[in-house]
Amino acid sequence: MFDRPYAAYQPGERWESRGRTITEADLVLFAAFSGDWYPLHTDREWAARGPFGQRIAHGMLVLSIATGLMVFQPGVVLAFYGMDQVRFVAPTFIGDTLRVSLTVAGVQEKSNGGVVTSAMTVKKQSDQPVAVADIKVLVAK
Amino acid sequence: MFDRPYAAYQPGERWESRGRTITEADLVLFAAFSGDWYPLHTDREWAARGPFGQRIAHGMLVLSIATGLMVFQPGVVLAFYGMDQVRFVAPTFIGDTLRVSLTVAGVQEKSNGGVVTSAMTVKKQSDQPVAVADIKVLVAK
Amino acid sequence: MFDRPYAAYQPGERWESRGRTITEADLVLFAAFSGDWYPLHTDREWAARGPFGQRIAHGMLVLSIATGLMVFQPGVVLAFYGMDQVRFVAPTFIGDTLRVSLTVAGVQEKSNGGVVTSAMTVKKQSDQPVAVADIKVLVAK
Amino acid sequence: MFDRPYAAYQPGERWESRGRTITEADLVLFAAFSGDWYPLHTDREWAARGPFGQRIAHGMLVLSIATGLMVFQPGVVLAFYGMDQVRFVAPTFIGDTLRVSLTVAGVQEKSNGGVVTSAMTVKKQSDQPVAVADIKVLVAK
Amino acid sequence: MFDRPYAAYQPGERWESRGRTITEADLVLFAAFSGDWYPLHTDREWAARGPFGQRIAHGMLVLSIATGLMVFQPGVVLAFYGMDQVRFVAPTFIGDTLRVSLTVAGVQEKSNGGVVTSAMTVKKQSDQPVAVADIKVLVAK
Amino acid sequence: MFDRPYAAYQPGERWESRGRTITEADLVLFAAFSGDWYPLHTDREWAARGPFGQRIAHGMLVLSIATGLMVFQPGVVLAFYGMDQVRFVAPTFIGDTLRVSLTVAGVQEKSNGGVVTSAMTVKKQSDQPVAVADIKVLVAK
């Protein structure tokens, strides 16, 4: 997706990533890396008594994997500028397969390039959205 | 921080986390986990020719570690609701030590609890902010 | 638990940790980190022919996770002093959820603080103990 | 196996390793480490529609684990010299247990030791080969 | 590179990957994952007394990372077919940055596609080759 | 070491392992796996102000790696029975290389084998001990 100078993005254009299955190992690895061992993610007994009846993936795990599913062309992408309106709208369970879809919302010129804003949806295999955000990437001229 | 029912948070109250040093191993582990091998994070030669003269941490690495530095009391925190206005304002280098400060901005009542919004700043050892965001956590009654 | 100067611990006082589910990924990660690939932990076929009929977690995996389930307050804990009478009393299987309970046995004064000795039991979801030890933590005045 | 000076290897002599079960965590860890997230290894939905009906292990994962199952005596092995005729002959599925068998093919003298060439077969619990190669190890005099 | 049906590859055509810096963390992670803790890779004191005066990366680490630096288009690549003439021609040290270059050697038709054979060279920042191999990838019609 | 039936161990016999260098990556990986992010191990700034002037390895990291440095012959070793008198006697710094020495203290017959008790010392490159323990391994007849 982020493989062209900023002037080449058209509002409304869409892109979809490959998929990645979220495994129990991913929940362990992300808990370990981040240090966030909240029991809804890491304690099967505790999670079984909660609203989902099972462990769910961390919201930040979902966002981290989403960035890895995108394409950032070296030399074209200058910086990950930021995100607005990040919302976790449904739980991701062990075994779900996520993919990312992006829709360009607009481009804002800056001195050293342009900030491309896209509406991102992270979806499961059933097309149910699990996270949405407006992501902003600084792209070269 | 997130260790009390939502009615107990006062706008303006502040909290600060312990620190965590960001190592070269963290950059490798996060690139590996997320799948984001952008050369600014993972190619020393490429990064040496760029604006920072060295590799920098992924923005999402910084946010992921920030969530692990917070305290989420089991049973009190119901969900990570979302984030607004996430901005990466300075680079995090290998060897920097990050900590998180939170300032409560307000609480919004919901049917099953309250959304506590806090201004988060992730800072280095020199107190320079590297990332800021408004984070929203759904807390029990 | 270890969040107060040494004079504040009373023999007989008890503390219990949150839980953590031991996954197949944990067995792989610990075998990898430690270098201990004994087939009872890592070879499903070999373990199926053994006394438990399945793979079991390493004893040291159980102890390592136990230390992570405890609370060590920065500035209060000076050192992990040692352990006595460590015994692995039952197998931990993939899918078991462990938690730690500690009972203070006594405090021994040292020049720079006090060694708090606690009887530690690591238990599964069924309350069956899997490991016991007397652990000794050097705590500040 | 590689625990003797090069003159001590007899063509035709055989050696077999312990086993290691290939878990879903191993597929995630190898995809992460290598950066090869090909969906046949990491996307359950995509793999389900393919010729095997499920995810399979990376070929290079199989070879990497094979080298870890061998015995390389410090001081005896000088270098991993190379491999010929590496072929991936059957898929390795999650849950398969692999072991390595080696048959010495011959020894070629070099100035600083000898290159021992062995026919390597990586096999599953059913004895079905999944990978074969001629591996060449430089061994001391 | 592997992003087109097999008929579209021309002998002599070349492709070069992005780079990846090999860190001390990579040596630890690969030793851990593979189980190959040979001291030339993992014992600084032992390696200091050896021919290179320092630790070097595992040969299989280099090959594993090489596969992650290539581009395998989902749906186009059917299988990793094999490798011939794999040779480790120079040591990779901690801090070296590797990239892969491929030169198409030829295509061999099979019933379900074509095997594209390429001469692979893994090189450091100085352009010195560290590993060479003929790699064979089964590509769709 | 643990490669023979229990009757074959002589009090006073000694064994020494290969070495393993403790890297910054190991501290990160163990903090992550165990969940023990005590700042003496993971916060460079905090550790610099402490008694050692730098980060030190977790005691349990040292013990975990020690078990991986030992040799446990499949079929000979029945269980890791326990440990007595575990003491952490000196800090392990990033860059230290550890090895294990064992001296057999005695064998105690059990119904299904024998418990071999050994005095274990984990030492650095300078031969300074960092941890000592009496370790007890249940070995087959």
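Going by the order they are written in, the chains are A, B, C, D, E and F; count residues from 1 in each one.
Heads up, the rule we're going with is that a contact is a pair of C-beta atoms (placed from the backbone, for glycine too) under 8 Å apart; a residue touches a chain by one contact, two chains touch by 3 or more.
Computed from a prediction, not measured in an experiment: that's the story for all the values here.
A.B. asks: Copy of B-F's interface among A-F, A-B or C-D, judged by over half the contact pairs being the same?
C.D. replies: Comparing each option in A-F, A-B or C-D with B-F, the repeat is C-D.
A.B. asks: Where are there more C-beta contacts: A-B or B-D?
C.D. replies: A-B
A.B. asks: Let me have the rounded angstrom distance from the C-alpha centre of subunit C over to the C-alpha centre of subunit E, please.
C.D. replies: Their C-alpha centroids are separated by 41 Å.
A.B. asks: State, to the nearest whole Å, the distance from the C-alpha centre of subunit A to the C-alpha centre of subunit C.
C.D. replies: Averaging C-alpha atoms per chain gives centres 36 Å apart.
A.B. asks: Nearest whole angstrom, what separates the Cα centre of subunit D from the Cα centre of subunit E?
C.D. replies: It comes to 16 Å between the two C-alpha centres.
A.B. asks: Which positions in subunit E touch two or more other chains at once?
C.D. replies: Residues 18, 20, 23-26, 28-29, 32-33, 35, 37, 39, 46, 68, 74 of subunit E touch two or more partner chains.
A.B. asks: So in the complex, which bits of subunit C are touching subunit A?
C.D. replies: Touching subunit A: residues 18-21, 23-26, 28-29, 68, 95, 97, 125 of subunit C.
A.B. asks: In the complex formed with subunit D, which residues of subunit B make contact?
C.D. replies: 31-33, 35, 37
A.B. asks: Would you tell me which residues of subunit F are touching subunit C in their complex?
C.D. replies: These residues of subunit F touch subunit C: 20, 26, 29-30, 33-36, 38-39, 46, 58-61, 63-65, 67-70, 72, 74, 77, 79-88.
A.B. asks: So in the complex, which bits of subunit D are touching subunit A?
C.D. replies: It is residues 23-25, 28-29, 32, 37, 39, 42-46, 55 of subunit D that touch subunit A.
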